[in-house]
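Here the chain labels run A, B, C and D in written order, and each chain numbers its own residues starting at 1.
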Amino acid sequence: MHGFRTDLAMEAFDGAQDARPCGVDVHRWEEGGVTLTEVVVTTDDAARALGKPAGRYLTMESPLLKKRDPDVRNAMATLLSEELSRLLPAWDGRSCALVIGLGNRQITPDALGPAVIDRTLVTRHLSDHLFPLSDMRPVSAIAPGVLGVTGIETMDVVESLVKLVRPCAVICVDSLAARDSARIGATLQLTDTGIQPGAGVGNHRRALTRQSVGAPVIAIGMPTVIHAATLARDALECLGKQAGDVDLSDAEHGLPGTALGEMIVTPREIDALIQDAAGIIAAGINRALQPELTDAEIAAMMD
Amino acid sequence: MHGFRTDLAMEAFDGAQDARPCGVDVHRWEEGGVTLTEVVVTTDDAARALGKPAGRYLTMESPLLKKRDPDVRNAMATLLSEELSRLLPAWDGRSCALVIGLGNRQITPDALGPAVIDRTLVTRHLSDHLFPLSDMRPVSAIAPGVLGVTGIETMDVVESLVKLVRPCAVICVDSLAARDSARIGATLQLTDTGIQPGAGVGNHRRALTRQSVGAPVIAIGMPTVIHAATLARDALECLGKQAGDVDLSDAEHGLPGTALGEMIVTPREIDALIQDAAGIIAAGINRALQPELTDAEIAAMMD
Amino acid sequence: MHGFRTDLAMEAFDGAQDARPCGVDVHRWEEGGVTLTEVVVTTDDAARALGKPAGRYLTMESPLLKKRDPDVRNAMATLLSEELSRLLPAWDGRSCALVIGLGNRQITPDALGPAVIDRTLVTRHLSDHLFPLSDMRPVSAIAPGVLGVTGIETMDVVESLVKLVRPCAVICVDSLAARDSARIGATLQLTDTGIQPGAGVGNHRRALTRQSVGAPVIAIGMPTVIHAATLARDALECLGKQAGDVDLSDAEHGLPGTALGEMIVTPREIDALIQDAAGIIAAGINRALQPELTDAEIAAMMD
Amino acid sequence: MHGFRTDLAMEAFDGAQDARPCGVDVHRWEEGGVTLTEVVVTTDDAARALGKPAGRYLTMESPLLKKRDPDVRNAMATLLSEELSRLLPAWDGRSCALVIGLGNRQITPDALGPAVIDRTLVTRHLSDHLFPLSDMRPVSAIAPGVLGVTGIETMDVVESLVKLVRPCAVICVDSLAARDSARIGATLQLTDTGIQPGAGVGNHRRALTRQSVGAPVIAIGMPTVIHAATLARDALECLGKQAGDVDLSDAEHGLPGTALGEMIVTPREIDALIQDAAGIIAAGINRALQPELTDAEIAAMMD
């Protein structure tokens, strides 16, 4: 909308909340201490305006999430698991779900995806004849790394793995950027629109969607950072409204330091926050993918 | 000065660079691709105005530091080692230097101190009869943790260790906050004023200084973060200058999110940056404390 | 007994199980799927023979612990908490418990103590006037490092902290060595004899005991390694029994490699095992030290 | 040979050193303080006898490697780089080298491969038009994880990546098992026989060889562990030679503990040793793959 960068659909039009774009439906309700917001982008025009593919985006928010409140943590995992269960296809007794942890393991606020992979119950390799007799469903999980670390486009790696595994569903987990500092570490977003790195930049070849995969592609993310430039711009815009007609970009250039573009705003305790959130997301995924197993059985099978 | 939080003496009056406070001397020069700035706070009035104890502050800066330029890295380590050597007392053949890594190992941008401790050559425990015969000097190193993790005031732990070890010199390493984003990961500050957590808040009991210890207390730090509120305030101030008379605190409250106070601005690659900087600082410390050993001998003794 | 190194009292006479030394009482029972063994060393002669100070040693064992069985994990934490509660003094409304994590954070199988510290609820720094009004009890926790890393005797650091904090109880957590591979990661040992690094070597100055501290000193440990030389010797002894009179030390020298003395035997999954065990031990400690808080309240207070 | 497990070709016949198998050539020499041993397996019979594919195995050994001796470290990196350069094809100006880090990042002694990947200079993603004009050669690097963590056969993932990248050379790095404790952390093995997990078990489908890839497949490894059962068996065999005819398997069953099969023997300082070795191996790989870049240029490009 204004050059602000956010990965949350609900923030894409926050700046103009009163004037919610045509073609965007929003519902908000509460459940177990968690605020749910459903944003449905219904038209291509709205998708372009928001820079998000058409489809459904569900966010779950609670400020208590950051406080490690065990009730809210459990409520979030349950909501996530229920929502995932609705999106997953009925199991055919054979096919495998593929969980993909996007992001860079070496960069703390980008490590959410790999951290979830570390906690996902992986079962595909358990003797093949186990399925479909067992109560367990086959699951694979991998963190494919990022372009800067592997030299290979992440989407190329993911596509290779999809071809290899031929999953009945793909679940991608990633760290997100937000605009509102109160949402960092306090919000999960779930969408069935697939993953489209470069969406909005006009590069649609690499999208991983239900169409391209032939199976649902569900993305789960949590905002872990604000881009520093977005924060600065927000500060400027705020004041701009008061001050009337001033040149924002001039002011931006006046900020001390030139390295802002590469910097992020994040909570001091981001290391612990990532580990916590990974636990919740993995619990939601494990419950949804293994509906016949109890939490205790899932825990006992991890190693 | 203006409610901006910075641990760099050179930034404490940046906002009013043209009007450098009385009682503050500044010299700037270049050496091996590194810009050195010496700030000497000579009067109590100046100390109060800057919120920094009187004494000498030396910063070494190079934008290439973040780029892992090996020449600049080596130049920094050498400059640091030379400067430390000047500040250390002549060795009496017995007493021990104590290196203290301040900060929280579990919080990436706060982990510089502990990371330096992990790379410091520790020799005090090598058979006592080795000294003073050997070319090595006795060195201890410890990361005492932080109040929130131990429940014990860091300064209390440090004072206990000082009583125990009775060092001939104390070197403290810590992560710093800066104002200018270009200085994050690009600047080292060295000072002989000791460490005074709570300085400026009027709490002087806990200061660790040459007076309280009876030996030089040298602090080395690198800025790893900007406080998010400082960045927002800087953005607002910038614009304020253009826009004339507007109420900054009003604008500040208009920023999206209320959690800004606990957030930090930091480079995405902070994990790697901390490890890199720890290597440089430890190299500087090891060379200064073991003038009779080559880099290779120091490396070979680490394990 | 035979040059075998074990930190478990129950293993100190395993080699001669039939001939349990005079002055040693042993009881074994089961509770919640966990086997408990109480070894009481009642005489100085027995203490010398076993190389363990006189006192009470309680081990809790279950092979399911390694398998992450949630019921056994919870049963262990509960047993540990109950046992600790019995050993802790009635709380006087003021004094602080001090939890000490021995071992080296950088060496995986030695990192149990520091990992427990990372999960211990620390409260001593919460505003002093909170106590004794609150339901919470003041707790400090610290990992003092090891001699090779700090250059300072661990016991010297611990004694300094004891002087500083004047605790009403000290709980030390450490990684142990065992003889029986089945006990690695499957056994907790709890003792009220304090910690005596160098016990058996005749160095009694550094012991941290109820006498030296004036408060209970409780040690909790889990075996994480077997010394490779112990394993080799056990293998040799086994065969020796069959083969009759052969020279064990000759055979030992025939083993490929000379570096065995510095090597350890440990499970491949030791990294995960340490983290798991740290969670159980910390749960036991937190419950015992905060009897007025629920598990959920404890979790919510950690950050 | 005797049920002993070793990944070092030079150890596969150590037990019968005097009786080196027919079809195996061995040469030993010294260079820069490093002992080099070349084992060439020339016949299928010898390959079967040794349980190693026919081909050339080069080991570089120095006890000083574990001691972090900088000269030996540098000599090793240089030898490795020279040897790799000989095995790599002349560069065609376009094709990419693919470095694969085998092993499990979460298990310390198995993390060598991933740790090398973290230090490999990756360049394939730098703007395509850079090549072939630039002095740099395109390199990709990835750690594909292990079956137990991903649920996908490692070889399947690697084959997918090979199809995707179509490399001109594959370099695989892995942790190895040895028999002789003196070789742990002190030995590198390099071979051009490719990687054949399951070799010797008769499973040849998954081999990654020059034939299957159409490009050289070079494996680099360092022993990080001895299997505990191998150590015990070696101890028993040693004694067996003295004691005459005894039943080794009986004795083995007499060893305390039943969990030995899953245990490993490793140095206490394995965490540091892995990081050190990864630095040396990555230096060797980076130099060989980027012959036009200096060490300093390589370091400056890493981030």
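Rule of thumb we're sticking to: contacts are C-beta pairs under 8 Å (C-beta built on N, C-alpha and C of every residue); 3 or more make two chains touch, one makes a residue touch a chain.
All figures in this text were calculated on a predicted structure; none of them were measured in a lab.
*Asks:* With respect to inter-chain C-beta contacts, which pair, C-D or B-C, contains the greater number?
*Replies:* The comparison resolves to C-D.
*Asks:* Per the centroid of Cα atoms for each chain, what is the distance between chain B and chain D, given in Å?
*Replies:* Whole-Å distance between the two chain centres: 42.
*Asks:* When the centre of a chain is set as the mean of its C-alpha atoms, what distance in Å lies between chain B and chain C?
*Replies:* The computed centroid separation for chain B versus chain C comes out at 37 Å.
*Asks:* At which residue positions does chain D touch at least two other chains?
*Replies:* Touching at least two other chains: 106, 269, 272, 303.
*Asks:* If every chain is a node and each touching pair gets an edge, what shape is that graph: line, ring, star, complete or other?
*Replies:* The chain contacts form a complete graph, every chain touching every other.
*Asks:* So in the complex, the part of chain A that touches chain C is made up of which residues?
*Replies:* 67-71, 269, 272, 295-296, 299-300, 302-303
*Asks:* Inside the complex, what are the residues of chain A that reach chain D?
*Replies:* Residues 96, 105-106, 117-118, 122-125, 138-145, 147-153, 156-157, 160-161, 163-165, 303.
*Asks:* Using the touch definition from the top, list the residues of chain A that touch chain B in their complex.
*Replies:* Listed in rising order, the residues of chain A that touch chain B are 14, 106-110, 179-184, 226, 228, 231-232, 234-236, 238-244, 246-248, 250-252, 254-260, 262-272.
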